[in-house]
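Before anything else, here is the set of structures, which you'll find just below.
Both complexes shown next keep chain A, but they swap its partner, so chain B is in the first and chain C is in the second.
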Partner chain A sequence: MLEKIKKYRRLWGVLIPYLIWIGVLFVIPHIKLFGLSFIDYRSDEITLGNYSKFFSSPLYRRVFLRTGIFAIATTMLTLAISFPTAFIITKILGKTMKSVVLLAVILPYWISELIRAFAWMVLLRETGVVSYMLQVAGITSENVEFLYHNGTIMVGLIYTSMLFMIIPIMNSLDSLDDSLIEAAYDLGGNFWSTMKEVIIPHSGPGIMVGSTMVFMLNLGNYVTVTLLGGKNSLWFTENIYNQFIVRFNQNQGAAFGVILLTFSVLLVWLSLKVTKQDMAGAM
Partner chain B sequence: MKKSNVLIVVVLGLIFSLFAVSCGKKEEAAPAADAGASEEAAPEEAAPEEAAPEEAGGVLRMLTWEGYAPEELVEKFTADTGIKVEISYIGDNNELIAKMSATHGVGYDLVSPTLSYVATAQESQGIYQPLDLSKVNTDQINESLDAVLEGSTFEGEPYAIPFVWGTTAMIVNTELAPDAGSTYMDLCDPQYENRISYRSKYDTLYMFAYAQGLDPEAAVGNEDDYRAVMDQVLEKLIECKPYVRVYWDSRQQVEDLLKKEEIWIASSWDASAWSMSLEDPKFKYVVPEEGAVGWYDTLAISAGAENVDAAYEWINFILAKENASVISAQTGYQTSSAGAAGSDEMLALVEESLPPEKMSNINWYFPKPDYATDIEADVEEQLKAAQ
Partner chain C sequence: MTQEIDVSVVNLTKRWGDFTAVNNVSFDVPKGSFFSVLGPSASGKSTVLRMIAGFEPPTAGEMYIGGKRINGLPANKRPCNLVFQRLALFPMMNVIDNVTFGLRRRGGLSKTEMEKMANDVLARVDLKGLNERKINQISGGQQQRVAIARSLILDPTVLLLDEPLSALDLKLRQEMKLELKRLQARMGTTFMYITHDQTIALAMSDTIAVINFGKLEQVAPPDVLYREPATHFVASFVGENNRWDNGKVVKIVNDTTCQVDFGGILSNARMGEKLSPGDVIDLFIRPEMILLKPGVSKPGSTGEIKEINFDGSHSLIVVTLTESKVPLEINVKLQHTEETPEVSVGDTVTLSWGRSLRPAANAFLHIDRPSDGEE
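Up next is the complex of A and B:
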């Protein structure tokens, strides 16, 4: 054991800033949050009431379920859009086009999420750009409202998190030698069988990392959902916000936070199990 | 093989840091608990910092609403006193209390809570410090002073100076919805489907309560009564939800929706509506028969204030007639400064919207116990989740 630590002495040097980072910004706050979630907000006594409140309330259960299903569906859609994009960037485009397209993918992320959500509002609102273009094209004669639908939330979420899917998939596709794809064709494979037998298995870790990140980002999103979702936007993060800011009930908010975290960790663990990968392999 | 070794090192590192944290936490915990336990500790903390103002005026940190500290006045204040001003804005009284209670008031010197929230927040969170009225130039404050001091009294000590008052009712685009505005139930009229906006917050709940002949203030003393009133309000709000375009969150958002004519009727603060009327007279602030909802914003000093003297300096500065008049002229807000007034055009609008009979019929915000805040939050969440 000691030898191993010595052997990885250099690695430790590299890890220390990371450990401080994760310790101060992740571990300590979460320990505190976990502790808070077992305390009653009025009597300061230890209780499970904050958790039973969640499970006994149809409202919170429904919002939670809705948030979970939306986050999963959005992650799948993001994957469906990002995989072909990543494939085209890495395998089909020439060098120049590759950097142009990659830049186009990355560029929007130089702007904050809030501004990007507002940009969507400018485009999609009733008196917005899209509605205007449809009228110019003669498709409709009246203003059309695209904002405040469930679909709008999904568009916003996909746009917000797409980069985090494309980059890991590109990474894993980059390491797939083109000759392997050629060999698959030489051995009688067609487009679909090559995809199924060679390309997707090889990019599995990338897909897994991308999906994990996108799912977490969707689940924890607040800005995009509330701005684009309007009167029906209720997302579980909004319930957490309400507990902290409107009701001053940090303890209930902490319990909700722990429930959300547990759910996402469980789901990621489950999908790793199902796809027979481990996190180290995926990374 | 190699990868699994890396993983072991990472996990070991995590366990080690967890261990270190849990040890460190015990030592930290004791003093932190002390600070939280005794509320008297907060004013004492301010003592060592009394040296600060002597140096160069220091910094005054304010937490207030948009329009309450116009740039013009901030510059004048800094020029007069040498005190720099840093301002953060809030959009909601609950947000103010949450920000203050997170640090026990440390980080802010002067804040502008609404009167009905001052004493209850002091009781539950202890975020303000009692006022030293000998430092306040009370001569320049109008007759509202005594009522506000009394309204903000907790355990015998007053906590708030009156600053700005206003009302909430409706703003109407008189070209597109000429008949709207006689009752709050126009916010639920199917003929304006999709052209209506209001907040999903307490002031809207009161409007809908008054419109149904309910009296939330009379019921607030009893948890069950208040829930019964709010349940009826919720039922009505859910019934009206299909006609709402969006629940607005900020003054800027509702003004933008109105100007683009995406909405025709909205709940609105008076000053916001009056400044829109000045730009375009088709927008009108209308007070329906149920009466406006009224509020009184105050100036209160944070329990964790580091520059108490600067806070009093600002209180005396902003309530001077010539300075308060600047606020009224720019924003339409009515201040508690004796004799202060905005422009003539603004005064005409105020008198048109709030003639004496409507002035005497204002439903003022009432102080609420904690359970009332919880009940209102339940209504907001259920409304948002209703399909």
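Up next is the complex of A and C:
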């Protein structure tokens, strides 16, 4: 026993900062939230009322459903844009162009999400750059409002999270030996069959990691969604924010938080099952 | 008798900017033969292969497979298949799916038909009962066979092999070398094998094309290549050789033979190219073709043993020639038989060569030591 402890002592030493980090910032707040969600905020009694309120209110349910569907759709769109981008960067571009394009992809992430959302607002608002350009070009004669549409929210979310899709896919494509692609061609494969049978299966783990991260980021996004979608963007995080900050109902907010977390964990688990991967393999 | 030609390459050239990787190469690969392209690394041999396979477009020249011109034809439409250096098996598929990959691309066959064909070809490469295994669950030699089966199932006119044995360890490489040759003989498919390993090329091939700095040096059967190298490079690259620089041609003996002089030591040599008396030449002498006798006797040159390196079936003996005016050293490969004389360092011995019909020594016009390292 003592031997074993000695053996792993060094390992524990390395792990301790991480464990403190996870404990303080993740485990303790979530236990607290979980506890809060079962307490009535007026009487301090244990109750399921916070959850039943969610399920009985069509507004909350619909906002939740809308958020979920939008998050999934946005993740898919992000994947559709990021996969070709990652493929071009890793497999097609020469050394110099590769660094240039990669830098172009990473550069926007050097500034905060808030500033990036404001940048979109400068471009898309009624008196913004895009509207002005359209008028100069004579396509329209009036100011056009591009903000506060569903499409705008999606564009903002894709822009915010694309890097987290591109990097893991690039990693997985980097490890794909080019001769596998050549072999597929040599044996009579064409672009699509090689994609389907060789390239995509190989980058499956990268796609899974990217999709999981992007999905979580989308689901939990607040800043981009609120700024580009306006006060009525009807994103579920907004409900959580309102409960905590506007109504001071921590308990209701906690219940919403737990519901959101449960949903995302379930969905990630399900998609790993469907694609026959495990979390360790995907990561 | 005219032989049917499976692969024909005419004036093939590949340039990248100023660099010429393949320079005006032409050769024919007879149907059903084992044809090797041998050259040191970066000699352009792989580029030749990649052009035939369709992965690089040639800068100039023509390529034909089975009489049809294949220039411009995409890789997936060419009647040849490539076994890659690192095999390039699909790790995401099991053995049977790897083997049927090409058939699935062609279509028109049912799943059972494809599996039957796959089992047939796997049986021919001696690989049974591993159909469901993943690629990383089988050994290096088995992977080799899967890679060959995966190509052979498509019944290509020619199978291109890009040094697939080089990834294996020595023992397995020796085994697979023999097996590959037997397989080729059994299947009758034309094999075109790219390698930098001359022992593999000599052992397996019907014909070898030697290529260096993108230029074709010689195309010949292995024994001809070994005994009668056509160029200075082939003489130094293929097989072990003693090399003496800066000798002089004394006289021309007949059409193929001349007499050369190194510091007073006269020697007969086969003329690798056209020579005339007075030419400065380099002489190549095969270490195993030298006859070694203890003591002083005639004819021959006397010398003193400097080193003996025992190597099991033979010893490599370094002899300093005492008759010459310039210091000359020569390696002698002494086969161990019952009649092999016992010698030790410091002994005086007599060496002779070039007395049999097989050329032991080859003479070429002198060139300064080229940078092409032997491998």
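The definition used in the following text is that the second predicted complex is superposed on the first by the 267 of 283 C-alpha atoms of A that agree within 3 Å, B and C clash if a C-alpha of one lies under 4 Å from a C-alpha of the other, contacts with A are read in each partner's own complex, and residues count from 1 in each chain.
Everything that follows uses one rule, which is that a residue touches a chain if its C-beta (ideal position, glycine included) is under 8 Å from a C-beta of that chain, and two chains touch if they have at least 3 such contacts.
As the structure is a computational prediction, the values presented were derived from the model and not from experiment.
Participant: Pick one for A:Y51: touches chain B only (first), chain C only (second), both, or neither.
Facilitator: Neither partner.
Participant: Under the stated touch criterion, which partner chain does A:Y222 make contact with: chain B (first), chain C (second), both, or neither?
Facilitator: Touch partners of A:Y222: none, neither chain B nor chain C.
Participant: Who touches more of chain A, chain B or chain C?
Facilitator: Partner with more touched residues of chain A: B.
Participant: Let me test your reading of the model: by the given contact rule, A:A183 touches which partner, first (chain B), second (chain C), both or neither?
Facilitator: second
Participant: Please work out whether A:I31 is in contact with chain B alone, chain C alone, both, or neither, and reply first, second, both or neither.
Facilitator: So A:I31 only meets chain B here.
Participant: Applying the document's definition of touch, where does A:E238 land relative to chain B and chain C: first, second, both, or neither?
Facilitator: First partner only, chain B.
Participant: State whether A:V198 touches chain B only (first), chain C only (second), both chains, or neither.
Facilitator: second
Participant: Using the touch rule from the top, collect the residues of chain C that touch chain A in their complex.
Facilitator: Counting only chain C, the residues touching chain A are 53-55, 74-76, 81-82, 84-86, 88-93, 101-102, 105-106, 150-151, 154.
Participant: What does chain B use to touch chain A in their complex?
Facilitator: Residues in contact with chain A: 3-10, 13-14, 17-18, 20-22, 25, 92, 94-95, 97-98, 101, 124-125, 194, 200, 241, 244-247, 260-262, 370, 373-374, 377, 380-382, 384-385, 387.
Participant: Going by the contact rule set out above, which residues of chain A touch chain C in the complex?
Facilitator: 177, 179-180, 182-190, 193, 197-198, 201-202
Participant: Would you mind writing out the residues of chain A in touch with chain B in their complex?
Facilitator: Within the complex, chain A touches chain B at residues 4-5, 8, 11-12, 15, 19, 22-23, 27-28, 31, 42, 59, 62-63, 125-127, 145, 147-148, 230-234, 238-239, 242, 244-249, 280-281.
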